[in-house]
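Before anything else, here is the set of structures, which you'll find just below.
Look for subunit A in each of the two complexes below; its partner is subunit B in the first and subunit C in the second.
Let's turn to the complex of A and B:
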């Protein structure tokens, strides 16, 4: 029976805040030769925020996994440090002015508020199962909302924003992901038997029936639609990959994965032939070192600068505040991973990836420990969403796969993604609380009532 | 700020970052195996506190499980807070090699100072004294529980 591990959680949380404060001090010492005046403010506000989140967690989800919150705190804090560091240095690039640690700290605050609200108001994650189709409809609406004239706005060539008067812009796709994962989980729980069992065997794989292909084809169509209409490669890949993974978790049939990969590769090749912006990404991916592509607008300069940065960082990095990550265009958002890589080197990046891996591991463990299929699928799906997101952006930045504009979860500057990811973490915490809570004890003298524990 | 200081700070930061990761893995490890290693190694500072706090056995609370009949006769198991499973499976607390026992035959667990026996759907049933256990039943001291050929009872 798992223990609550509150002390361990508090110690890990304190350690995470200490690491982040150390990073601040390091940046200040290297750049201005003194401890930055903001260190205490930032450190204490981060510490205070996380303490508040911890207290809410201890009250409303006492059995929750002790590691999720500290791990996320560290990543979020390091993101704040990197944005602070990038805003401090003079960059020749005009976009560098957009790096704003104060805004990001404010978004973190709102993220914690949403995290707490989710934990307080969502007492049982199974309530979400009743909202299966509502979540699906909401997710689809959020996904297409940037296309609505008057509401949607196009920034940097991608139409993925909606403007809210007085607040600014948000990316609804970030929230759509959560809603769609809830929808996938609810839908697959209801349909998984027919998806897993019906069909016939051809060669080595079990082919599903033609009519069961419907949902896969619909998701495929939607994600290709996102790709084409909004020019948002990342969300499209993220959405479809998550659906295929959840389909595999639900049915354990490899044929779905094969069908999914074939569909996506087919769709991507088709899109690459037809649409310019997809083709451009492929060219950059295949030949980033081409001088012609480097100077071209929308060419490989960003990617190459990121690779140069990680190269100059090497194994141990240049040290925080001592490299020149400000030369990477958009270093504070899409390329924060490369910027971090320059300063803390391969050693630090490995630690960072380990932290992400541990978050995902805790999520998958929650999925294994969960007692009902909906929770299992939802926890598995959300963990995979996080892992897949890290893979897509890190793979893109390191030129392992074509670069797609996705945020590095919790690190990149950007409110929508941060808020959505904090809600994701709240859902994982809620589910791990339910999964680790000791099962109800057998009721004595109550006739034939029996309580099973798996 | 000299180069050397900055180099040392850089290395220290990476070390602390990795320390965090290793500490996290340590928490996972104790989460998985903590309950098993805790009674075995009373070496850490916080660990002895628990056994001190726990032993306030009220009167009539059993402390030992004794096998009084069958091939394992004479075996005793000290009762702690952890449930005890009986069966032929290797992961059972009390492994009985007996054709009449199921692999996961019965379970004994503490609840509110009492020990409860529960049959886990065994083929040949579990008997408390003379009656078959059909639902979780409290076990009084010294009353025999029969699992296949094995007879056990709780003692102080």
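Let's turn to the complex of A and C:
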């Protein structure tokens, strides 16, 4: 039977806050030769916030996985430090001017409020299963909302924002992906038998029936729609990949994966033929160092600046506050991974990736431990979503795959993504609490001991 | 569902593994390439992150220093003496540097392996790395005198002063000059536009005429011919009578070599010292023909001509030109410093210094001492003999002949009361219709030479064909430099 491990969780949480504070002090000492004046405020805010989150978790999800919250705290804190560090730079470059650590701290606060609220009000995640189609409709609406005239806004060539008077802009796609994963989970649980079993065998793979292809084609169409209408490569890839992964998890059918990959390749080739920017991304991926592409507008300069930063950081990094991450365009958002890599080096990035991997691993463990198919699929889907998102954006900035814009979860500056991801973490915590909570004790009867198997 | 979940977990693991491998590849394997890429602006900021060492002259006058500032560039380069030392210090621009700033760059910015120990100590004591300080052999008074005198002529040109016994360069001036501070600002657009403006200037202020370009030496080269003549037969001296026709007929050709303005040289038979004093062409042309190319070339080589030198800046190699087999008359022209003979002003100063130093040519050098930020010596300039150009006896004969040139000949304008000065003027024809170059080489005092000078004034001779012009324009400049060194 799993232990609650609450003390361990509190210590880990404290450690995460201490590491983040140490990083803050490091930035201040390196850049101004003194501990930053706002350090106490930051420390107390972050520490206080995390303590509050911990208390809510202890009260409302006492059996929750003890590692998820500390790990997320560490990544979120490190993101705050990097944004603070960029804002402290004297440089007139936009990466220094647009970094706003105070706003990000405020979003973190709101994120933790949402995290707590989710834990308080969602006592049983299975309630979400009843909202399957509602979530689907909501997700679809959120996804297309930036296209609604008067509401949507186009920034930096991507139409992925909606303006809310008095609040500012939000990226509805960040919330849409949560709603859609809930929809996928509910839908697939309901239909998985027919999706898994019906069909016929061709050579080595079981092909599904043509009519069962409907949902896959619809998701594909929606993803492609996002790509076409909003020029948002990242979200499109994220959504489709997650759906295929969940479909595979639910049906155990490898054919879905193959169909998915074929559809993806078809879509990508189509997009490459139709849209210059997709094709250009691919050219940049193949030959980022090309001097011609480097100077082209929308060319490889952005990517190369990130690579220069990482190369300059080398194995040990320059040390926080001692590099020049402000030279990377969008160092506070899409390229925060490269900016971090310059200052904490390969060593730091390996640790950071390991933290992400651990969060994903805790999520998948929750999924495996969960007792009902919906929870399993939801936890698995959310965990995969997180891993897939890290892979797309980190792989993009490190030129492992073509670059598509996505936020780095918990690190990039931006409220919508942070809020959505804190809700995602609340859902994982809620499910891990359910999974680890000891089952109702069977009446002890010598010689007739019930054996529970997960 | 657990089996597929486990497979999904493996897929996630694989994704993270790929990311980690790729990050390793980027930051460990390919890091150097990215770090050194010219488009990586970090190198540019790095240039200003370290306190670069000072450049001083004779241990006291500060020529270049880095001062701390607020802003994105921590240390900025400053040249207190401005244009006066531009060709010595060079500049330190956002992407390049020149002269001493270039030659001693790794010591100035502290990256040299000679400073490894210092850096290791700094690493432990937590002190920031500082560059080493470079002290030059330049004598600030001589430099100023050379600059002022050359500037007064209003011409382009160069002046070099050497300490004959050691090879220390005491003055190194090239005009027109420029303000190194303007090219050394960290803001690229300003620095580059300032540089481009200088680059496009038809007077070419960026060229260091003292070492970076060569010119026909004219009659100053006659001392080399004289040296070869003396070395050829030890019984010869200044009183030895040589043929001095009004026109020297050249073999295999109808042309003849005249003296300047077609003037006669004495009575056609003159003592060698007289030929040098008057700078007659025909005796030296004849000597050249008699000795032949090989001997003249050998003598020039012994004075350092053709020797690749770094002072530590690279010096253009001077040459007397290749032997012209089909034209044996060429050597007659070469012997009076015309035709394909081209010399740097530094080379001419080395010739004067070699004669002054009893025939021994010392290697010229500019760096006196390099000390690390704590004042410990890293490197010190050592006098080193380049070659033995003449025997001491022959050198003494040539010395007294050159003293005669200043006392009685074309270089009277270089006389300094109470000091025996030896010298030789020169006027080098360049192109038809273009004013010739004026030259002057000298040493002083003759008994115990403290300074050897070469002055070159580009197109400095006022009227074509006026032999006295080397003496009229260049010799007073040489005199001013000599006086500054001797404290007269």
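The rule we apply is simple: the second predicted complex is superposed on the first by the 439 of 454 C-alpha atoms of A that agree within 3 Å, B and C clash if a C-alpha of one lies under 4 Å from a C-alpha of the other, contacts with A are read in each partner's own complex, and residues count from 1 in each chain.
To be clear about the criterion, a residue touches a chain if its C-beta (ideal position, glycine included) is under 8 Å from a C-beta of that chain, and two chains touch if they have at least 3 such contacts.
Remember, predicted model here, so these are calculated numbers, not experimental data.
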item	value
Touched partner set for A:345, first subunit B, second subunit C, both or neither	both
First (subunit B), second (subunit C), both or neither touched by A:307	second
Touched partner set for A:398, first subunit B, second subunit C, both or neither	second
Touching partner for A:368 - first (subunit B), second (subunit C), both, neither	second
First, second, both or neither for A:388, with subunit B first and subunit C second	second
Touching partner for A:19 - first (subunit B), second (subunit C), both, neither	first
Partner chain in contact with A:5 - subunit B first, subunit C second, else both or neither	first
Residues on subunit A lying within both footprints (that of subunit B and that of subunit C)	345, 361
Subunit B residues touching subunit A - in the complex, by the definition given at the top	1, 5-7, 9-14, 16-21, 23-25, 27-28, 30-31, 34-35, 111, 116, 118, 134-138
Complex contacts: residues of subunit A adjacent to subunit B	1-3, 5, 8, 12, 15-16, 18-19, 22-23, 26, 29-30, 33, 66-67, 70-71, 74, 316-317, 319-320, 322, 344-345, 347-348, 351-352, 354-355, 358, 361, 441-442, 444, 447-450
Complex contact set, residues of subunit A against subunit C	90-91, 245, 248-250, 252, 289, 294, 304, 307-315, 323-324, 327, 341, 345-346, 349-350, 353, 356-357, 360-361, 364, 367-368, 373, 376-377, 380, 383-384, 387-388, 390-391, 394-395, 398-400
Parts of subunit C lying in touch with subunit A, wherever the complex brings them together	1-9, 11-13, 15-16, 18-20, 22-24, 26-28, 30-35, 37, 39-42, 45, 71-72
